[in-house]
């Protein structure tokens, strides 16, 4: 059955790689006019959106990778839950483009809500996939129960943390985006490290 | 010869992964104006088309994957029939875009016919590929004849079920799309499960 | 050294899969107006160009695959010659789009020349790659010299056959495209079969 | 731990393959008018930009490949540094498109600066990745220290060489692009060969 997850991983890698590369297509080339320099500078929202989304998809890939070092078996439900997660990954370039085009315009609040809201839903999909895999007994026989529990713990924070981003939209949109970017870094850290820090902090 | 199908699977995985990710490019970002929220809502046909097509390609991938757990040998005819199927997969983003742009306009009937018609043809290609592989003796030596027969049976329904979608266009277009989506779920289920249910139903 | 060609093949598979899938992006969705049906029909040049290019890239992939069942070793020159071939593969969507947009317009001759000319150059790249690999001793130790010689023979026809397509542009453009499509089928056939037929024909 | 870098390589291969293939999307098809031939010729900046960027990404892939024949272990920092490098790879189609559209217009200086500047930053990312991998002990146990040192040496030239391209923009833009293209060839050569030539030259 290991072969089963091998092909899931290959297909998922492909989707992650394409979604992360398509982001650049959303940055439009300024038309050929006299003042290219200032036109390039005025596109800063596109660059900001590109970098945050790149970090998000890249770090989702790292996490997907981590989960599948534990998940060794597969079934139809896992295939469908993984497709649901990939639906989220494929969706990312769209809110990114909306944010890029509206960040300097009047409707930036709606654009930011669509952006953080998408990440909130993807964080839920990640939890559902992982919870299903652990409870349906799809982890490898030599899987480390403690390590798996730490992942569950780190991921459980995801949806609420993105909810905070959503709330911050009414306070300050740039800050909400900065927090979103910081969350990507948080999820890049291995669960062992995060949980240890949390204990140090509580203890 | 197993290596032969390994590279077919890798190439096909790539095509599936790209086609499913390109779907998002068909959703256009509303121009920067004052009322972004309602403009995003008005794009519902794009979202509907995106989700149905995503489900269709994703579940075609699951099925392709299942077929190739049985198919172990390859020859030139199989390569060409597989290319024909991939031609169908690559084509999907186009009727999806047509549907998305015309679902709320006057010509939704033609758009829906093109959409269901494309799926009808792809369902035929799937049957041709599978029938060829089984009759040309390309299955693995340890292939389960009963399991293969169940797949043949489930797939044989495909074309007629998509014909029903085509017929439903003259009755009610949203219902035809709902049935199309339900068919994706039907083909996501393993053949063993479907055939068992069918027997329970008949018996 | 086998691992070396494994990664070349994986990278090349990716490029082939993406180039073949991008072709669909060149077919533009007709704007939302009253007569969608006839607008879709008027796009026939796009469909023709899509199918021919799909066949060409798909069958190039089959051939690339065949070559690398013989090529087992790699070096910097092979990497660069392979990149040159992939440059040709990546280029294909562009002459396809030019052909699609100009086949029903006044400048179809130039569009057809660009199209066949691109294939002519790619056929040369294919020969250069294969000739280099055979003469630089990069084939596997158990490579069949007779089989390799047959491939060399079939490929040697490539450039001249596409030159014929170029010549046919001045006679009849649809016929030149039909011949181009027939050539794809010719190169899909295994070299053994082609050379045997040639002998039967001569003998 | 080898499996760890296997999946990094597969994901990176995907990103390289997509970025290199997306380049063609930046070449726009001339509208259907009477003089297609001269319109195609007038697009020479797009062809120049396409070929240089293709060479750059292709040869970055060759180099990434070379590095990972030495790197056998992975950790979170390496994953993030590799993502940073891929960010650079994904970015390339954008300065390429800017260059293509502005090379024959008035603002070619800014476009050329953006282009060379992007390559300068990517060259730094390459050095950071490699220096980290060597100093954090991620090379394979049987890694050749001398070969690794030669790579370090060749790469150390990268940023300064692209700085020269930046400087050349004020002298002559076509020459700066020619030098950029020549650098791709320089980095295609194996480090052993480059360092040997350097010694011959000095000695």
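Observations
When the chains are written out, they are named A, B, C and D in that same order, and each has its own residue count from 1.
Here is the rule we use: a contact is a pair of C-beta atoms (placed from the backbone, for glycine too) under 8 Å apart; a residue touches a chain by one contact, two chains touch by 3 or more.
Worth saying up front: this structure is predicted, and the values here are computed from it rather than measured.
Compared with subunit C, the chain whose C-alpha mean position is the greatest distance off is A.
Under half of the residue numbers at the subunit A-subunit B interface are used by both copies of the sequence. A separation of 38 Å divides the Cα centre of subunit A from that of subunit C.
Centroids built from CA atoms put subunit D at 38 Å from subunit B. Centre-to-centre separation between subunit A and subunit D, using Cα means, comes to 27 Å. Among the residues of subunit D, those touching two or more other chains are numbered 10, 14, 17-18, 22, 25.
Residues 9-10, 13-14, 16-18, 20-25, 27, 29-37, 40, 51, 54-55, 58-59, 61-62, 65, 188-190 of subunit C are the ones that touch subunit B when the two sit in their complex.
By the touch criterion given at the top, residues 7, 10-11, 14-15, 17-19, 22, 25-26, 76, 79-80, 83, 86-87, 90-91, 93-94, 97-98, 101-102, 105-107, 110-111, 114 of subunit A touch subunit B in their complex.
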